[in-house]
Structure formats: structure tokens, C-alpha cells
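What follows is a pair of complexes built around chain A, which joins chain B in one and chain C in the other.
Moving on, here comes the complex of A and B:
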């Protein structure tokens, strides 16, 4: 029963996501890849309230909430638009494109796009143990997982969650988020 | 006093009961309104709480556009039959999930709405927030409450109100019944008390009547005895008187015979002095001597005779009075106006007074009465003397006469007399005790010092007035003087009647 309902839910979810994609096409770029990243940009922003950073994560009350994009920036300004003028509590959002994470730039979210293997692992290792929500969307390495991994399932943007990575980075994730994840690794 | 005040305090007041009932209804209405409002607020809170729960749960589903998950949350609400419809919209106003029951319309998105009541259905909107970020809005619409539920909710108050009013009514009715029975009890008590008072009065009256009857019988008996004795005694006195008169006559005759005999003898001797009549002369002398002795005894005899006659006279007077008391004295009634009679007596009456005693006259009688005027004068004189004797330190005596018509008489004790003349002799003396008052008319009863009164004055008056078809009574109290009342029936016969002897 639970399983049946789960599958039906998945199906309905996919269909509605598709319709959303079609509806979103009206205001987004017509290219499918662009639409995908427009959604991912929104999701990235919407992840924030479901994640709890330790208080030590911010240097001061007015320190910016930094969202870093490592590697190619696929968002094409969607992410900047999504967070423009918004705040996380007293912290204004800021988006930064980085080639590398060396030098502890103080990112709270790191989105790693288009990096593979050694570069990906290097990037993740750079922020490991620090209060940083790591998000990937290209590949997932089971040895060095990111906290959130975007994936396309049935033409719908979904995500996987690795609680071990979250714990290592001293983050707490809302159970609601876990409930929506395709898979939750411990 | 206490009963009546208690009665007044407990008295049933319908107006008060009505006011109480109205107040009760008002209170019940207020309670109902309050409860209605409370129930509505409660329901609003409940629906809002449910919406909040859903809104809190559904934020991620909205954020990541997981309609299936959102619908799953919303479907849980279907179990609540009180909810008519539910809807979840995201920030862009897109429908994420929802349901509506048969016959209901889907809930449209209205971001300005918080709560509303449409067609008796409660609509609540709660924004779904995750942290500071608003994800969308959850709408819940409550089905209208079935009238049976409402009725059940208010039936308690209605029942309570009804019972209170019934109780109040019963209380009022009971109170009224109680008051009525109390009033009837009070009335019965009053009637009983009145009856008791009447009975007491009647008993007293009866006692007085019996006393009067007893007194009257006693007087009757005493009168008969004394009358009989007096009558016989009077006859004997007459015999004595006659015998005494004859005795005196004979005594005088014998003395004359002696003297005639003596004179004749002396004439013979003178005619023939030569004859030796020494022996005859001696005899004659001795006879003369005897006659002389007798003559010498005469004054003494006369004294005895006078004493005897006086005694007889006094005895006769006594028997006369006794006869008068026994109503067996010969009377000579005639029509008399008592005012005139009293006025004629005025000098005599005033002569009998002592210096500090004043006699007043209040004479207002015009009618005639039939009585022996001499006896009436005697009676009045007697009464005035009695009054005078009751005033050793001075005072007032009043002789009053009044004509009393039958109607007025009916109210007094002299009800059987009809029209009558009322004569009263009142003094301001010491008055009499009840004991004395009762015995006052009895013969030989006197309060005067020995030798002063015969005790026959009032009894004679009593006998005389009764013999004349009148009434006599005493009104006296110690310290309040004495009044003797004589009531004589009115007569219309103006002529003087012939001698009438009653015995």
C-alpha cells in the first residue's frame, strides 16, 4: 500500500513537473537545458529554509550569505535573479562564481557543476568539515558525496540527500526535505 | 402582627416571578449567543490549526513542486468530515494540491484572504512558510455544522432554561397555594378566635343573667316570706292595738264607777247624818282609799300604755315597709309627671341635705308615668338621703330625668319597657363594691352604722318600683360614685286612677 502510493505519487509528481516545465517555458528561456537550470536555481534557493547552519557559520550579523558556484556557471543569471534583494535573516544573499574553493572564501552553499572525479573530489574536500551545504548535479561519488545531489528523474528535477555528508559539515536537514528526496543515504 | 408581616413577606408576587423568568430568558439568550460565538471561534481555531499543521508539513512539497507529496498531506484532511474542501497554492498562485467534496466548488486562490464565512461555510487561509520564506498558501473550507449538532449543543441550555422556568412556575404556584392555605388558616383562626370571644361573652352574659335570676328569686323568696310574716304580724298588731284601746277604755270606766259609787254613798250620809253609819263610812273610806291609790297609779299606767302604743306603732311601720318590699302594700297610682313631682319636693329635698352637699337637677321628662306619687316621693327622698349619707365630706347629687323612646330602649338593658321615663339619682361618693351592689336591694342589708339605717330603704324602693311595673338598678363602682336608675313605663292615661290595692 505504502509502496503503491509511493509509485503513484512519483508518477503524479512527474506529470505535474512536466506541466510546470511547460508553463515555466513561457517566462524562461526556450532551451530545455536553460529551463532545467532555472528550476535548479530556484531549488537551490528554496533549499535554504530546510537547512540549519550552525551559528558559527557566520562571521557577523551582517555577513553575506554566500552562494558559490564552482566550475562552469550554468545558471546564466537565474540564480542571481532568484536571490536578488533577499536575505537569510540578517544576512543578504550573494552569488559568487569561483574557479576553485581554495582559500576559504566563506561559502554557505557550494554548487558544483560540470566537475568530475578528481576535481569534484578536490572541491568537496576543500569544504569538508565546514558548515557548507554542498550541492552537485553532474555525478555523485559514493566515497565523497555531496549533501544534495540534483538529478533528472522522468524529466523532472529531483534530488538525493547524503546525511553523512551533512553531518560532517555540521548541517541539519529538515525531515520534510528528506521526505521529498529520491534517496536518502546515511 | 408578626403573622401578617410574615404573610406579606412571603406573599406571592406574579410580577416578580415574570421579571425573574424574563431575566432568566435573557441570561439564557446571552449564554446561547456567547456559546454560539465561542463555538464559532473554536471551530475557526480548529480549522486554522489544521490548516497550520498542513501548511507546516507541505512547505517542502510546495517548494520542490512535489504535488504527490502535497496531495498526500491534503488527503489526510479528507478523514475529517467537518472539512468541505482544501487547496494548496504556491507563491506563483499555481494549484499544487487540494480536494473538494461532492457538491462543493474548488477553492480559488485569494492571497489577501485570512478567514471568511461564505454560505455558512468557514474558509481559512494559512500561508505555508519554511523559516522566513513563504512557499505558498493552504486553504481549508469547513462544512457547515449540521443543524442536529447545533441543536444538540444548544439543547443543554434550552433544557436548563425550560427546567428553570418550570421550576420557577412550580415554585410560584406552590407559593401561591401555600399562601392561599395560609390565608384560609388565618381566616379560620380569626373566626375561631371571634367565636371563642362570642362564646366567652355569651357565657358571661349567661352568668350575669343567672346571677340576676338568682338574685331576683332570692328577692322574691325573701319578699314572700317577709310579706307573709309582715301581713300576719300586722294583723296581730292590729289585735294588740285594739285590745290595748279597749283595755284603756275599761280602765277609765272602772275609775268612774268607783267615783260615782263614792259620791252616791257620800250623798246618803249627808242626807241622814244622824244615822250611825260609822261602819259604812269606814268601808267607804277604804274603797275611796283604794280608788285613790288607783288614781295615784294612773300616770304610771299611762306611761306603760304609751310605750306599748309606740311599740305597736313602730312595729306597724316596719311591717308596712316589709309589705312595701314584698309588693303587697296598698298603692294609689295616678298619672304623674316626674319632673313636676321632683320640683314639688325641692324644698323638702334641700332641707334634708348637709352643708357641703349640692343637689343638681337635670329634668327633661315630659311624659307621664303611672305610680303612687306619695310612694314615689318617699323613694326619691330616700335615695337623696342615701346619696347624702354617701357624701360625708361633701359632693354632688344629681337628679336626672329623661324620656327614652322604645328604639333607644331596645339597645339598653330596659329593652322590654318600650317608651319609658328614666330617673336617676347619682352621687359622687365612694361607690359600692360588687358585693355590696348585689346585696343592696335585700331587706335588712345596710352598710350604715348600727341604729342609723333600717336596711329597708332600697328594698322598699325596689318593691315599690317593681309593683308599679317599673325597673330599678344600681350602677356603681368603688371610687366612681353610685347611680340608682328607676325606669317607669310611659302612660298615656292622664286621669287619676282610683285606689288600687295590690297584694
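Moving on, here comes the complex of A and C:
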């Protein structure tokens, strides 16, 4: 039984370490935007010239071009800063962080992070058939197709494209964009 | 049968793998500073899309979110990790999981378990039998004894998307036999494996040739075809004589994926035939095939419906007809998940499986190993429901219940409760209480073993399930973008564990009984540290303490060792260096504690893999396995596992 008590001590110290970790986490500050997410944010607005939205997507010439970040916001303000003061044609960029897509907020790009399974499918379905470029994150393993899906390939941030999802949302993608994709689904 | 007592060898634990790796790292660091051009975040705006795709990111590889949030001890072996590790077989890939114990017995045979119960070899048919193993949802453990013939399962490493390794019970969602863990092998969709891939490898122990080709039939349909074969040379037995246990196995297969709108359909199949020498025992012939289809429909409200059906045949026969079996499995499963309000994610499902056994009994005047009856069918049906509830923004509660009905143990109720808390972004504290069973198998209930006319061992029709109540607590955290950390502790209470008991007042014959209780507790911890853009370090440790006792009325005739020959701890440290886009080095040191009874010495071993991407189409791999010693032992009555070298060329087109 001496061995047993020895192991019990080890287990106790492991539990102590565990509780210290938890205490540490509770104090942890949110991590600043990483290079990976800064790259993803840059892609988000640099993709725009390669995508054609139907004219009906914009209510007026001065209507904002709304980029919505749904679920977590992994960009930590980087995206808002990057597009501040810029426009797409006559449309000024705006970034909104949303918990859900209910209430049809008029997003032209929806970036989804931190949702999975049914919640992800629900978010994608909420904008299906509307002129919205849906973008999902590399950490999502999804059965529900988005137009653009980020992935990490050989330590580079790349993306996959689903043309079926694009067609359903009435978007046309340039061949140059397809050429840069790792995989193009039809 | 080989009954060799392993010689006690010098305990090689004086070596310090940490030191080896660290020295290697310093050497490397001194002559290379290939961090690549660092890109400042503020410069990104000036880059084109093509330039963005060329920036190297340093984040530790992440697991898919739903797995990262799973309130369970889960380790995900990623495609990238498999590729850089040079793993050629499923057991070699599983060595990457810190929460598994992997023991090699012969060139192609392994025993793999989680949280103990590695089996107790020595003639009493006590086999490792508490894992559920799935390939694309198809259950591949052998239902005759609920254990694995690992040499019968093979997938081209480049076609694997990931392997989810869950240690601890997964019975509520996965079903019976998910007692100590679940291994879920997920292959890549055929649209991710387009084009040709030809692999040829040669080494002093193993040679492999494989070919895969993926193509597109139309805008909705892609496919891949593959063929592979390998040959393993024999190892030496523990006494140094040749174990004469080489093997080879050709295998072919395909996968077809169709997706259109809300529907995705997948059809896949494999076919193999091989042979295994078994030293003085008759050669084994193995063959099998399977065909599987899955239909998935997603609905606008976020719900999804999936229907999985498969047919599987496995066959093993000792030449010439000295015993073997053919098992046909037919399975159909339906699963539906939906959101109920904003806070409930409900998953429910039903499944039915039929096993049809045709056993060729080995009967001779000298020895008999038979199943009575030898031809039979058994049906297993199940239903489950699980609700993942959000209790506020940081707390999640999962309640699951599975009911499973099998002919020998009736209906079993397998509940589990899991609670998880996200105190901060990237941090997860979870706890779980669950119940799981290992249902009786034909080996427990129907076996008859004789030496001459003397009955030695008889199955027990009244054998009941082995039962587990498990308490788990775990913590995972991502620290910045460079460190991932996971710690889990478990406290497992087993009842009605498998024992052998005298059938009458004499020692023989024996029968199987449920005469043991057990308490196993331990810690699993691992961490990955992305030190620089080109250097990744990971390490893990597993510690367990086991305490078993016989129940009142049990004979204890075979001793407590029949609970399994398990180590007290094992650990690893791995270092991956990406010197450039062309060169990478992967160094993997592992340490295994001695096995107590039968005694097998502990060992420390080192694997090294050098990858050279000559150009975008050709990759060369040089691997050294078990480099520290000429040989070591891993499992009782197992072979000497030798130092081996392997060179592989892979051409993609």
C-alpha cells in the first residue's frame, strides 16, 4: 500500500497543478490577433475584387459593405482597423461582430468562427440564397459547405472554394481566385 | 506454441532522450537560421492574394473546433503529423497518441490499449479487448473476442484526414466496447486526394509499394482508387532464434464522393488477402473486404440526418485448415441532430448490427480449440440520445444515454454526464461521469479448449459484461498561439472483470467467470510548443496505478496478473524541424516502463525521420526506427523489436 499512497500523492500534486492552470486561465488575457488571423482578415477584404455580387445586394450607392464576424471574434480589432476608412466602390466598409445571423443584418461577407455542427449549419442556412460570401475558419470541420473555407496547408494559410455554395448565393467568382484555391468543389 | 521467458536485459533507462533531442536541436540551431522572411502584420495590406498564401504561420496545429471543445480526453493525430512522422501503418500512427499504450509483438502484430488492460498473454485467452476502433464509422474490432487484429487493417497514410483518439469511456455515443477508449480513423474525401501518388519504400525489415489515383467524374462526383502491398521480414524471437513471422498483404480499394446541394453521399470499399508466417505454428491466411455507404443531408434549420450502412467480411485460417473463422457483419445506423431553442443541441440515433460467424474448429487428438456452436448469428441493436446544453455562455452540460441490446447480456443502459467550463478563450475545464460495458463475446461464452481428451477451458454461458464506472477531470489550454496543453486525470472502477475459475473441485477444467474488481487511476498529460516557425516540440506522459482484488467466491486461481500486463508509465518527447520548404527532420523518443507479470524490461527508444522534398512532385524519406539498441522487447512472448532503417520515395502527379 506504500506504493498506493505514493501514487495518491502524485495524483494530488497533478490535481493541484491542474487547479493552478485553471486559476491561471481565469486570469489570462485574451490573446492578441495572431499572424494567422491577421492573414485571414487580410484575405477577407482582398478577396472582394474577385467576387461579383448581384446589384440587388446593395440598397443604395452609399450603403455600407458589411463584413460580419459570427461566433468568436479571433481578429481582435485587426479587421476593423485594416478596413477603416476604405470603400468598395462607393460602399464604405463596416465590420460587425454578431452572435447569430438572425434578423437579416445585411452582411455581404460572413466569417464564421467558433460555431460548429448544427449551429454552423444554421448560420450558413440563415444566409443561403442571399448574396453573401460565406467564409469558414480552418478549425471548423464542416459537412455544410461555405463559399470559402480557410485551411492551413504546409504552414501557409490557403483556402478551398465551393462553387455550388457560391451559385446558391448568386455570387460569381473570378477564375483567378479559383486558380489560387487549394481545392475547388463544384 | 512459443513459450519463451524473456531474458532480463540491462535496463536502458540511463539514456536521456531529452538530452539527445536537445543536443540535436542545438546543433541544428547553430547552423541554420531558416525562420524565413518574417512578415510584420502591418505589411500584410501591401501583399497580393498569391503573396499572402506564401507567408509561413507558426501557430500550433489546431484540432477541429468541435473536437477542441469536446469534454473528453481526446488527442487528434492530424494528417500533417502522420506525414511528418513517416508512419507507415495504423499502429505506427497510433504511437503518436500520448493517451495510448502501443506494444509491438511481431513485424505486423500489435497490442494497443488505453488506460491499461493490455491483456495477460499466457494461454488463458485473456486478450486486450476494451477499445472501439472505427474506420470512417465502420467498426473494425473483432467481435469474437472484442479485440483487434491490427495487421488486418490498413489505410494509405496520405489518405488519412485525422485519427481521433479518445481515452476513457465513449459508450453513450459510440456504444459498447468503447470502455477504455475510442480510435476513430477518418479518411480524406476523394476531392482532397486528387491526382496520382506513387510510393515505394524499402528497408531491412519492411518494403511497401502503394499507388493511389484520384479523379473527377463530373462537377459533383470525385473518386479515388488505390492498391498497395507490403512485405515484412521475420523478426527474431526473444531467445534470438528466428521467429519466422514475416508477412505480406496486397490490398485494393476505392472511395467515391458525391455532393450536391444539401446531400452528400459516400461509397467506399476495400479488399485484401494476405499471409502471415507464425514460426512453428501453421501459417495464417487472412482475407477480407468491406463495402460502406453514407448519406448525409443537412437541413436549413441546421439539423442533419445521416444514414450509414456497411457490409464487412473477415476471414482468418491456419493452413491447412487447422482452425479459423469467417465473420460477416452487416450494419445500419441512422443519426439525427438538431437544435432545440438556442441552448440545446440534441443528437439521437438508432442502429442494428448482425454478426454471422462461421468458425472452423481446430480439433486434433493432441489439442482442441473450438467454439460450440461453431456457426451462429448474433444481433445487436441500440438507440441513443444526447443533449449538449449551453448553461450560460461559459458552461456546457452534456447528458447522454445509450441502450444496447445483445443476445448474451440483454439490454444495457450506458449513461454519461459531462460538464465543461470555458473560463477564458482557449481554455477548457471538463469533468465526466460515465458507465460503460464490455459485452460478452463468443470467446467468453462458447469456447472449448482441450489437451488430448482433458477439457482445459470452457466458455461460460452465464458470463456477464465487464462493467466500468469512470470519473474524469481534464483541462486543456492554448497559451498564446504557440503552446497547447492538456491534462486529464481519471479514476476508473471496474466490476465483474474476466477471470478463470475451476469448473469443478479439480484445477481443470477451468471456465471463465466475472471474479474480479478493479480500481485504476492515473494522469495523461501532453503539450506542444511551437518554439519558432521551424521548430516544434511536443512531450507527453502517462501514469497509472492499478489495484485489483478478487470478489468473494472467486478462486483467484490465475492470480491478479490476469487483469493485464500493464506498465506504470510511459512518455515521449518529439521534435520537428522544418529547415526549409525542402528539408525537415522529425525526432521521436519514447520511454516505456517495465511490464510487471510476465516481466518485460522497460525501454527507451528513438525514431528519426528525414524528409527531403526534392521538388513539388518528389519526396524522399529516410527513417530509422528504434535506433538506440540492436533490439528491445515490448510485450510478453513477443519478438525482439530490432533497429531498422527504411528509405521511401513518393511521387505525386
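The rule is simple: the second predicted complex is superposed on the first by the 147 of 186 C-alpha atoms of A that agree within 3 Å, B and C clash if a C-alpha of one lies under 4 Å from a C-alpha of the other, contacts with A are read in each partner's own complex, and residues count from 1 in each chain.
FYI, contacts are C-beta pairs under 8 Å (C-beta built on N, C-alpha and C of every residue); 3 or more make two chains touch, one makes a residue touch a chain.
Keep in mind it's a predicted model, so treat the numbers as computed, not measured.
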Scan A:174 for contacts with chain B and chain C and give back first, second, both or neither. first
Which of the two partners, first being chain B and second being chain C, lies in contact with A:72: first, second, both, or neither? second
Kindly classify A:164 by the partners it touches after superposition: chain B alone (first), chain C alone (second), both, or neither? second
Looking at A:48 after the superposition, I want to know if it touches chain B, chain C, both of them or none. Which is it: first, second, both, neither? first
So, A:89: does it touch chain B (first), chain C (second), both, or neither? first
Is it chain B or chain C that touches the larger share of residues in chain A? C
Need the overlap of the two footprints on chain A, from chain B and from chain C, as residue ranges. 10-11, 17, 43, 46, 50, 158, 177, 180
Residue ranges of chain A in contact with chain C within the complex: 3-4, 7, 10-11, 14-15, 17-18, 21-22, 25-26, 28, 30-31, 33-36, 38-39, 42-43, 46-47, 50, 72, 78, 82, 100, 114-123, 125, 128, 137-141, 143-145, 152, 154-158, 163-164, 168, 177, 180, 183, 185-186
Name, in rising order, each residue of chain C that touches chain A in their complex. 39, 41, 44-45, 47-50, 52-59, 61-69, 80, 191-192, 194, 218-220, 259-261, 264, 296, 298-304, 337-339, 342, 345, 423-427, 429, 473, 475, 477-481, 485, 487, 489, 521-523, 525, 533, 543, 545, 547, 578, 581
Considering the complex alone, what residue numbers of chain B touch chain A? 57, 59-61, 63-69, 71-72, 94, 129-133, 135
Give the list of chain A residues in touch with chain B in this complex. 5, 8-13, 16-17, 20, 23, 43, 46, 48-50, 87-89, 158-159, 174, 176-177, 179-180
